[in-house]
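In what follows, chain A forms one complex with chain B and a second complex with chain C.
On to the complex of A and B.
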């Protein structure tokens, strides 16, 4: 029932969840801001890729760099103009505001693109696969998704651990006031963090849009997966987030293998189990240890 | 003069912490702030560093009113604060904490190598989490972090607090070495004798007002005591 194939397909699915989760982890890690509109950003990115791809008659893969750049700029401006004003002692304010942004994005998309379901078409790679011994077939697209998630995780780890910007991110996350004393302009820094997060979201948008049929109102379910992956992974490193995505993917795949109605549920159950047994996640943040 | 505080007032809600405080610091000068708990010493330092906003003209640094500037801008002008309780970044290593001091973008004589020469133990522990350091080592790291910003004015808030006498001696000896380079220092110190010995001037605060100011060498112990306790 739970074959090696199931696990492999789960890991591949987990790559997509990891990609969903990384952007959420960046924003939460730096600012303690839970972005309720995260899933809607993923959907918005897919519509943007669809629009640009349609207008230029190029593959979504080709227009991806444009979507990434547009989203990074969007992230910076959004943080500087709106989200920075929500940061403070009260954690409810950013929740309410990003929930509002979520509602706005869904309705703007509904108004401009209708409720019809769409998907991104990338041709024959969508169904191409490589056969492994043991009757396991690995789709090129899921493999590319997983590889992209790995690359994004590596890139984020490098930024946060090996660059001055990363030191500033972690310092501001630890102690905003003392970071200010170091000459760090925290509000601009938060702009950079959201820009990076939305750059990763744009990657998630592409692979989501190829894998799923999407409609304007589907974002919140992606938020849920992303949130679960972040909680399972813990906030110690982006590798934790990556692992959280994989765990969620494998759990769902096993659930689906047992019973098609059980897949999503088993994912949620694993999330709850981690919350109970290891509330700080697989890779806890060491600062408060 | 390098720093001029004129008629500085500070409030916490309805409570007034500073009542028209004046303070002048010349380039390269070391000034000690003494006074009982709640006298307003830390508030004064935090106002200078910008973590508390003031009237712009109440604090003038190098000819520029800075009372209304955010702390990051004050830091970039060359004022570094070693905060009370050290406030190292717990998720950063020792060396990353030191490098965090450079994020304001000021450059100068202070580099990692020079800080390590001043505090060799920090070089040994460079890759250790800052949380693994002893109290004295943490204080060295906090001072090193402030120096990495290459400030013109260094503010030290109770750097001897909670340290053993031997370590306090070591930290103050290092501070002497630092000041040989012409850096101006304002330090808050509970130990009046230590404050006198390590500065050129002493300023005493009581209930948010300056009650005494003078050359460290010339002030009598009793005079300071009277200003300190207000008797």
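On to the complex of A and C.
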């Protein structure tokens, strides 16, 4: 039942989950904020791509840069106007505010686009695959998703470890007040972090929209996948998040192979098992990080 | 923590004149509600039962978040478990359906004990989303259990032999009892030692621990109590609905009810969830034909409240008129020679 093919397809699915999770990890890593609306942003991005691609008669791949730029701006503005006001207070404030944003996005989409399910059409690449020995077929699209997730992970690792911006991010994450004293404008910095996160979310939107039929209310389940990948991965590095996505993808694929009703549930159960057995995740954040 | 005798020069006041009047008014309202079935209006009775269910869920969520600082997005796990426990007891084990409601609440609380050992691995915002994953796990698990009808659920056939009028009245009176239990129970708990310990933990877990509070045991206790309340509310709700399915039981639509009622009404007070639940029912009555725009408005309202007036509507009222219907504070009266007292030293 659990064949090599199941594992391979799980890894490919995991690439999408990793892409879901990276944006959540950026925001949490820099400002300890869990964005409950994260999944709804993914869905919103897919509707935006659908709208722009419909209006311009261009492929969703072609309009992707526009979606990325719009989302980065949106992220910056959202952080500066609303999310920054929720920081440094008790955890209830960011949770309630981002939950409120989630409800607003879902219901605005419901009213403006109807509850019908949609998907992004990108033509023949959707079904094209390359055959491997052993009867395993690897779809080009899942492969491209995985490659994008890898590239995004590399890019984020580079930004956080090699650039001045990344050093500032880590400084503000470790000690906001001292970072302030060193001349870092943390509120603007958080704006940049959310812009980067939503740029990655726009990438996730595209691949989600091609793979899944989406409806306005599907976002929360993506939030859960993203969150589970982040927790499974640990907070040590974006590679942990990437690995968490892969673990979750493989778990779901195995579940689906056993019984279609079991796929998502097995993902949740693996998450809960990691929580009990290894609560700091696969790549824990070291005490001195 | 014992109260020194009055001869020590001060008296600890735990109630106010307003609160005594509020208590009398509250008792009158409850008596009126108890007598409502005499009017024989089943529509009104159904509405009260639904109101009590939402109020109980909101009170429990507020007990956790507002007093304990434990924010859960997964309390629907216990609403659903209460509902399914009712189904299992009444339909499958032949227990009297009305007796099944309190038992179902206890079963939900029982499930909360092992669950707490998993979710308390997480703290803060992580805990919140972790509880949500647990609730989703329960939903998907019950969708796979064919004994309970799988994804489409099951009707409460155990009630088929009971005359409609009896069913309605008994369900209704149980609802009134649950409402009193939820409001009164949380009130008494908050005024008790547990309440003091909770407030201490909410403000600083470490400081509370150093003052001798067993943080782990206290948080676990209130988590289980909140599950009991949510389980009772869920069981009663589905007793009223006469059918249950995994999406209705464990679905995400329960979350905004609790969030909005507590946040808009006023978190961290007993009055807040009452005000918020009332407001929710009034708004739903008048704006439900606006469709989803009405939820958009509630979402925006909760964001605005949280950012601009985090103490909520009741918090504004309480501050403006210094009005506390359910006082949980301890007022220390220092009587000096002239007999005058100086209150409110010890919030």
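Simple rule for what comes next: the second predicted complex is superposed on the first by the 285 of 289 C-alpha atoms of A that agree within 3 Å, B and C clash if a C-alpha of one lies under 4 Å from a C-alpha of the other, contacts with A are read in each partner's own complex, and residues count from 1 in each chain.
By definition in this document, contacts are C-beta pairs under 8 Å (C-beta built on N, C-alpha and C of every residue); 3 or more make two chains touch, one makes a residue touch a chain.
Everything numeric here is computed off the predicted structure, so don't read it as measured data.
When the shared chain is aligned, no partner comes close enough to touch A:211: not chain B, not chain C. Applying the stated contact rule after C-alpha superposition, one finds that A:261 touches chain C and leaves chain B untouched.
In the superposition on chain A, contact of A:185 is made with chain B only, not with chain C. By the document's definition of touching, of the two partners only chain B reaches A:174; chain C does not.
Touch criterion met: A:223 reaches chain C, while chain B stays clear of it. Of the two partner chains, neither chain B nor chain C is touched by A:80. In the superposed model, more residues of chain A are touched by C than by the other of chain B and chain C. In the superposition on chain A, contact of A:91 is made with chain C only, not with chain B. In the superposition on chain A, contact is made by A:285 with chain B only, not with chain C. Residue overlap on chain A between its contacts with chain B in one complex and with chain C in the other: absent. Interface of chain B with chain A (complex): residues 49-51, 70-73, 75-76, 80-81, 83, 87, 89-92, 96, 99-106, 129, 131, 145, 149.
On the chain C side of its complex with chain A, the touching residues are 65, 69, 71, 73, 117-119, 121-122, 124-126, 128-130, 132-134, 136-137, 140-141, 143-144, 151, 252, 255-256, 259, 263, 267, 291-293, 295-296, 298-300, 302-303, 306-307, 310.
Residues 32-34, 36, 82, 85-86, 89-97, 99-104, 107-108, 110-111, 220-221, 223-224, 227-228, 231, 259, 261-262, 264-265, 268-269, 271-272, 275-276, 279 of chain A touch chain C in their complex.
Contact residues of chain A toward chain B in the complex are 164, 167-168, 170-171, 173-175, 177-186, 285-288.
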